[in-house]
Amino acid sequence: MNDKAKNQKDWEPKIIAFLCNWCSYAGADLAGVSRYQYPPSLRIVRVPCSGRVSANMILDALRSGADGVLVSGCHPGDCHYISGNYYARRRFAVLKNFLEFIGIEPGRVNFSWISASEGEQFAEVAKEVTSRVKKLGPARHLVKEF
Amino acid sequence: MSTPKGSVLIVGGGIAGVQAALDLADSGFYVHLVEKSSAIGGSMSQLDKTFPTNDCSACILSPKLVECGRHLNINLLTLSEVLSIEGEPGSFRVKVRENPRYVDVDKCIACGSCAEKCPKKVPNEFDLGLGKRKAIYLRYPQAVPLKYAIDPEHCIYLKKPGRCGFCEKVCPADAINFKDTAREHDLHVGSVILALGFRPFDPSRLDFTGYGQFKNVVTSMEFERLLSPSGPCLGHMERPSDHQEPRKIAWLQCIGSRDINKACHGYCSSVCCMYAIKQAVIAKEHSESGDVDATIFFMDMRTHGKGFEAYYNRARDEGIDFKRARVHTILPAANDNLKVRFAGEDGKIAEDEFDLVVLSVGLETDPQVMRLAHELGIELDSDSFAATSCFRPVETSRKGIFVCGALAEPKDIPQSVMEASAAALEAERILHPARWTETRKKEFPPERDVHAEPPRIGVFVCSCGINIASVVDVQAVTDYAWTLPGVVFAQNNLFTCSQDTINQMAEIIKRERLNRVVVASCTPRTHEPLFQETLREAGINKFLFEMANIRDQDSWVHQDEPDAATLKAKDLVRMAVAKVRGDEPLPYNSVPVTKSALVIGAGVAGLTAALSLADQGFPVTLVERKDRLGGHARKFFRTWQGQEVQSYLQELAGMVEANANIDVHLGTTVEDVSGSVGQFRTMLSDGTEVKHGAAIVAVGAESFKPRQGRWNYLYGKNPNVHTLLELDQRFIKDDPGLKGLNQAVFIHCVGSRVPERPYCSRVCCTHAIDQAIHLKEMNPDMDIFMLYRDIRTYGKREHLYQKARSLGIVFIRYDLDNLPRVSETSGRLVVEVKDPIIDAEVTLHPDLLILASAVRPRDDVGELSKLFKCAMTSDGFLLEAHMKLRPVDFATDGVYLAGLCHYPKPVEETIAQAKAAASRAGLVLSRDAVPAESITAVVNAQKCTGCSVCTKVCAYHAVNMDANSQKAVVDTGLCKGCGACVAGCRSDAITLKNLGNEQIMAAVEAAMEDF
Amino acid sequence: MQEKHIDLEKIRAAVKQKIEKAVPEANINYCLTCGLCASGCPATGLENMDPRKFLRLLVLGQDKEILETDWIYACTMCQRCRYACPMAIDVGRIVYEIRGMRPREERPKNLQRSCDLQRKNNSTGIPNEDFVWVVGDVLEEVRENEPQWKDLTAPIDKKGAEYYLNQNAKEPTVEPEEMVPLWKILHAAGIDWTYSSEWWDGANYCLFTGDPEDWEYTVRKQAEVVDSLGCRYYINTE
Amino acid sequence: MPTKNESITQELRQKARHLLESGQVAAFLGYTSGSVPMVMKPFVARKPEDAERLEWNSFCVLNLANYLPPLLRSFEPPRRPNDPPPEGPLPKVGVAATGCWSRNMVVQVQENQMERERVVIIGISSRGMVDRKKVLNAVNHAEITSVKEEDNSLLVKGPGLEEEINRWDVIRDNCQTCVHPDPVIFDEMIGQLQGDRDIQDRFRQVEEIENLSAQDRWQWFTSEIDSCIRCYACRNACPLCYCPTCFVDDSRPQWVGKSREPVDTAIFHILRAYHCAGRCTDCGSCESACPMGIRMRILTKKLQKDVLDLYGTEAGMSIQQPLPLSTYKMDDPQDFVLTESFKGEKK
Amino acid sequence: MFYATLEGLRRFKIPHKFEFVSIISLYAQWIREGRLNVDSSWNSDGLKFTVQDPCKLVRQGLGDAVAEDLRYVIKKVAGEENFIDVWPRLSNNYCCGGGGGALQAGFVENRRKYGKLKFDQLAATGADVVITPCHNCHTQVLDICDFYGGKWKTTHLWNWLEKALIIDGSAGRAGKD
């Protein structure tokens, strides 16, 4: 995969995006409604809440070959389920540091808060994450060859 | 009255109207919601964030609007105006004119092609003219209905038929109808609710503000739009003159409020102090540079609501500069900046320069609304707000017509929402015999059992006209779908959501014996319910369905990359197919309802709530810990409007005692509570077990008695020192000792807004001032001094403050670091305080010293909240489910709150809140069963370690430890399906139905498959 | 600085009450002490006073200070504070009343003298004949030196003229040639106008001394003169 | 004069005997020595006379908390999953506990794995336990037949070997960097509490790795776990790994392959450590138990460091203090969130 | 003093048959009606003008309307492009400091301190001419200009009106030259 990607000049990474249904998924929709363009790299998985996303799921995405992961939820205080994103924030803060500690490149696993009214911000995040992952190249660590 | 009509007219589609509509439609009444613009949402939809939680306004509002828009029993009439209302409570005839939209709402798919092509740009009123829209437009991105409208004032075609017409040519859905005309509707309803809201004060009347003269002087509403991500600068916060980010911003308070001179508005607009602080906080946060200097010029900082004072304190800590000063005139400075000159309290002049000045404009009634009120025979008060009285806070002068929101007085969102529910309650009270008589209900065929069947998946790929098809190769995607495992049918449709395609889909499901369906089209957020309903119509469980979002999240965002977008669409379809394969039929959960209520606390709130429910025929158990009815209000003399409380209270208690539906338990407390919404069981201390479907907590609060410490002021030591309520007692008794007094002093904020009790008690300013007026009227020659920190006579109560001043009552401001000092010389009280204006120590010799002491939460509220699994604030008041939009609900379904246990509030707000709580409880009690979430968590006991992480992270107390097995169990009646427990569980012992780890992994892995 | 102490056994705000009686719309009590007036007032800080503080002293009955301060002459009664005051409090009007409370002999001499003179005839005290003479003299000079204005007129006491022109005394006494442009304008516009030989001075400092009687007297006199000439419009040089 | 550990042993036996004799506990959990030098065995004294076999020295490296819940359960009458709990008080168990063990017990109490009331904890302020591997290294892996322990030294003997080793030099990494040697919960103490230790560079090992490049960190991580044979000794030694079905054994969902492929080994170690985040008390049992000498403690230490930095809490300090990943504060740090860092970055 | 008469008639309810009007409004009216012909061509040097709104005439007298008339006349006389407005303006303009009898009352230091705001405001316009249509204003603005070192010329309106008058079809011939 690595070599294949190197040969492909315009390699487009695949990034798994876990988006909470109430804010970030709606923000992604709004980006569409407003026609903000961003790279076609995201594969969005709709989850009820960022608090639904576990470390296991993020690792599974990497293991399955995702070049990057984005988890996005409501801004703190806006959680549809009152406090899900607060727990998520702790889980992710610890996980992100930890993954970077064992050598996963910073930029591979990303988190954001995007509200339902932040269409442009969603596109910005999509662009930013894609560009970070592109700079890093295809994921190599933790990828399981099936 | 013969049998009333079971329908209600609501005028105004802002948050108040929407809330009232939902409350009524969900409890058995048909609602006509009339809105004059092209979409509901009102002023709240224009706001960026809301205080004090900084919630995104559109985000929290949108779900309510969508619910309203989709509701089977709400008839949304946009672009409509009420022409006349004839009749009486129970039966009103209403004429409504619906103006033409020129767009067929059944056809419009809101793709936006029309607006893209429309050549006519006009100022966008939603952005208060700061941005532009087209002549064919969507009021705002999240508008409900999400349908375009043509503005006939600006449409080239409508002005000169034959010219332009581009929208018609480009519309893929054939939705443009230039021949549309106004329609008149004759509605027959039982009651009417007016929720017409307010308009922001126009400061161009005040030339000294420079508004309209200087570009960088904007109103607060304009600033909301400048902050908003959907606003004219996409949330980048630019100032109008040069589109640069302002670094230094000033807010000027009381523009168009508390001004009987040029603004002609003597009232306080109640919300401006808080929104100004919020804007300052948000501006600081928003700023890309990170350094915004924010200064707020004010006269009294009015942060009198729940969580407001803490917000104010935090804002101060974050460096927002609060200047107790008012600017006379805004002056131009170089670079389009603005200069202000102002005198501090010490009289010293200072000058400062700002990049942007925000005028905190007040709220006023729109003249159009005044005309309508006049035509409908609704009395307005001297401030042009709908006239109401304290004991009847949502009743207008015309019987059967109710009012809520800012039309009755300037107020914030939660108060408007409360009143909306209260107004709904009043309508229900009249119309309850006709409940469910005019509502509609959807019927479905029985569902096929698909458990044993292997997956037979059908995939429907939508072209959405050209919205998807112009970018994504939909045929290739359809062909690809055929190749996926389990897929037995795939088809491409022009508009999958069109009525004929929907009918066809149902046929195909039956014909092909599909047991799983995937639609690849727009977004589940708007269309999932529609397709799920189709599944039900075709006789399969609606949860056997997935959507692939190939429009909003694909074709629309990769317009220039058709190949990549097609590839992505295939991925998304594959992911959806992988996910749907694992979907199981889920139960449509519901909980049967015990149609009776428990009301805890028999003060004004509890009595009102109990009566409100009992009057609708619901049995109520009313529990009061004391041995008599009345609660805190038994100590009150009169309302701020001058109505005597005791006679009202007696009447209220009398009605409760006489009501056969109310079972009163005096001297009783709640010992234990079990069950959940619809099915509570409560043990009382008198041994009674009460079964009830809903509960209202109205346990009140206490008055703080400063027996010792810093706020003592000789209370309990000198006989002439009283609290407000003690003086009320003397008023009630008409104590002759109060005649012939020479001097009285009131000290405000005794024990409120202090470190140990950092909240504002909201009621004391008004109460103290009213008492001072009463004393002064008894003894016109008497001198009365009010020692205050900020006067917080919000709303129309400001008139009372003005009256007090006009009577010669003297107000002296003090600070926490410069407290009044109280001593006595041979029994005679001496009060010393510094007057900051003339910088002098003033010595007073009152005959009476009144302490406006705090309202404090009761100590035992914590135990009660635990029984009902309700949360508390750090101040010790009960915490509602959402500060803005669910002000009387607890996070625990079926439990509601009202009165002082929520936060200090005057009797009119208590009554409104109690009625709101009754209305919300009515949502449960009016039905045989309440729906519960289907996508719930489920525990695999074999794997569960009983570690209880899941119970700790569950915000709804839906996961608990089974006392026997010591394993987690989920109460499906409480579970909302958020999945916090699932992510927290290390053992994979708890999962979410149809959103389990395996299914998510399947989707993730499918995304990565190469093909 | 010595800290100020006030003992308020009883507020005896006699000055305030007097003003309230005379000017019910003065709204003194309404003051919110918001300071908007002080922010906009050019006299803020003069005599260690500002409009808000001034009102506050009135409210707290500090009559001695109110009656003694010369700030009442720093305030020009311009009413810019009242213009924007949320309570529409008229500090200018209040200052006027307090100026009137000063004994005549303690008022600023020149100011009082101007009014006293005005009561007699005009604020400068020149005899009416002098005014008539100066007008004639200046007119003569223009007619002689400026041929295009040889028809210029400056009528005095012309009965039935459409416009009555009231002349500020400054020009005839100090800079008589400054009267000419206006004459020319009126002439060019073809206006039928006249001066009067009595009560011709429009200055009227009695507006500022605080005695309404003086003010009323002078205006009444002027009105009588204009009506007696039968003019339809009364204008002055402003 | 007896050594410190000899005194502790005496007192421990005395207390255990008393508890057993008086019937206050049904069993006492401690250590006894085995046949191999430097290897101590967990030991359950069930009769008063068993107490004499209890022993305390610097080789008690496995966390006794790991054995407590099963031992307690063994005294419960058998019952089916949904039967009500037995009525009346259940037998108690006595246990010796150092700082980290006691903190583990706190977490176990918080996670409902045992009831505080059912254990009698004899607290011992820890002087640190010896890393057997370090001793072996010190003598170049020569054969050791006996080790005699003095307060500050070890006398190591073997064929042709007699060496005195400074005790502190061979103390385990986790004990050397331990700041909380005192038990946080106990019913009785042996000896004095010594108070928290002031260790400036307690996270030095972690910081050294943090300072590497991402590539070098990955290099370090993969080489560290390279030798892993997936024997799960680390997991089995951990008092916090008590799931009936561990994720590595689960097939629904199957988060990680069961093979020894490097990716799966890596994911095993990542998730094992991550599951201990906010819970691990750095008792070092995992490392002590590892037959391959993998320093997996560095992983949990990293998590410990971050949780402390981010949320100011350390695992097991009190029963009342919520576990850091099951609670939150409104203003928890969130610099790591892209949209938050955007705010600061632009311009 | 315009206001003395206006308010005097009103406050003391003095009976009168005439109508009391402002000459400023009349100038504007006459120009609009074509009764007065004015032309700004004399101002070929582009002298810049600004204005003082007399409190007694504008704020307390006839309000913004008369102040707008005043500007209309100045713009006609001096050329639209040669007028620079002040801020605050019209009814909200600062008092010059000479009003209320201040010029006679004798507190010179106070009066000048008071006038500093006015001076700064006028100086900020950079105008060459300040039109003061009130005698008090005229005297005070002259004084503060002199005292604080201003560069402008302080004049009544009539001087410039005279200059701009067109008699027999030619401008500037009305004046003395």
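Read from first to last, the chains carry the letters A, B, C, D and E; within each, the first residue is number 1.
In this section, contacts are C-beta pairs under 8 Å (C-beta built on N, C-alpha and C of every residue); 3 or more make two chains touch, one makes a residue touch a chain.
Just so it is clear, the structure is predicted and the values come from calculations on it, not from any experiment.
Novice: Hop distance check: chain A to chain E, minimum number of steps through touching chains?
Specialist: 2
Novice: Which chains does chain A share as contact partners with chain C?
Specialist: The common neighbours are B.
Novice: Both chain C and chain D are touched by which chains?
Specialist: Common neighbours, chain C/chain D: B.
Novice: Mind having a look at which chain is the central one, using mean CA positions?
Specialist: B
Novice: Counting C-beta pairs in contact, does B-E beat C-E or the other way around?
Specialist: If we tally the C-beta pairs in contact for B-E and C-E, the bigger total goes to C-E.
Novice: How many angstrom between the C-alpha centroids of chain C and chain B?
Specialist: Measuring from centre to centre gives 57 Å for this pair.
Novice: Let me have the rounded angstrom distance from the C-alpha centre of chain A over to the C-alpha centre of chain D, please.
Specialist: Measuring from centre to centre gives 35 Å for this pair.
Novice: Rounded to a whole Å, what is the gap between the Cα centroids of chain A and chain B?
Specialist: 32
Novice: Could you tell me the distance, in whole angstrom, between the mean C-alpha positions of chain D and chain E?
Specialist: 91
Novice: In chain A, which residues are in touch with two or more of the other chains?
Specialist: 56, 60, 77, 83, 87, 91, 121
Novice: What are the residues of chain E that contact at least two other chains?
Specialist: Counting only residues that touch two or more other chains, chain E contributes 91-92.
Novice: Where in chain B do residues touch two or more of the other chains?
Specialist: If we look for residues of chain B contacting two or more partner chains, we find 208, 329, 953, 984, 997, 1001.
Novice: Determine which chains touch and list them pairwise.
Specialist: Those chain pairs satisfying the definition are A-B, A-D, B-C, B-D, B-E, C-E.
Novice: Taking the complex as given, what residues does chain A use to touch chain B?
Specialist: 12, 14, 16, 21-23, 25-26, 28-40, 42-49, 51-54, 56-57, 60-61, 64-66, 74-75, 77-78, 80-84, 87-88, 91, 115-121, 123, 126
Novice: Show which residues of chain A lie in contact with chain D when the two form their complex.
Specialist: The contact residues of chain A facing chain D are 55-56, 59-60, 63, 76-77, 83, 86-87, 89-106, 110-114, 121, 124-125, 128-129, 141-145.
Novice: In the complex of these two chains, what residues of chain B are touching chain A?
Specialist: 53-56, 58-60, 62-63, 110, 112, 141-142, 228-230, 234-235, 523-525, 549, 551-554, 556-561, 564-565, 567-568, 571-572, 575, 881, 891, 935, 953, 955-956, 976-980, 982-984, 992, 995, 997, 1000-1001, 1003-1005, 1007-1008
Novice: Help me check something: in the complex, which residues belonging to chain B touch chain D?
Specialist: Interface residues on the chain B side: 285, 287-290, 941-949, 952-953, 961-967, 984, 986-989, 996-998, 1001.
Novice: Flag every residue of chain E that touches chain B in the complex, lowest number first.
Specialist: So the residues of chain E in touch with chain B come to 64, 87-88, 90-92.
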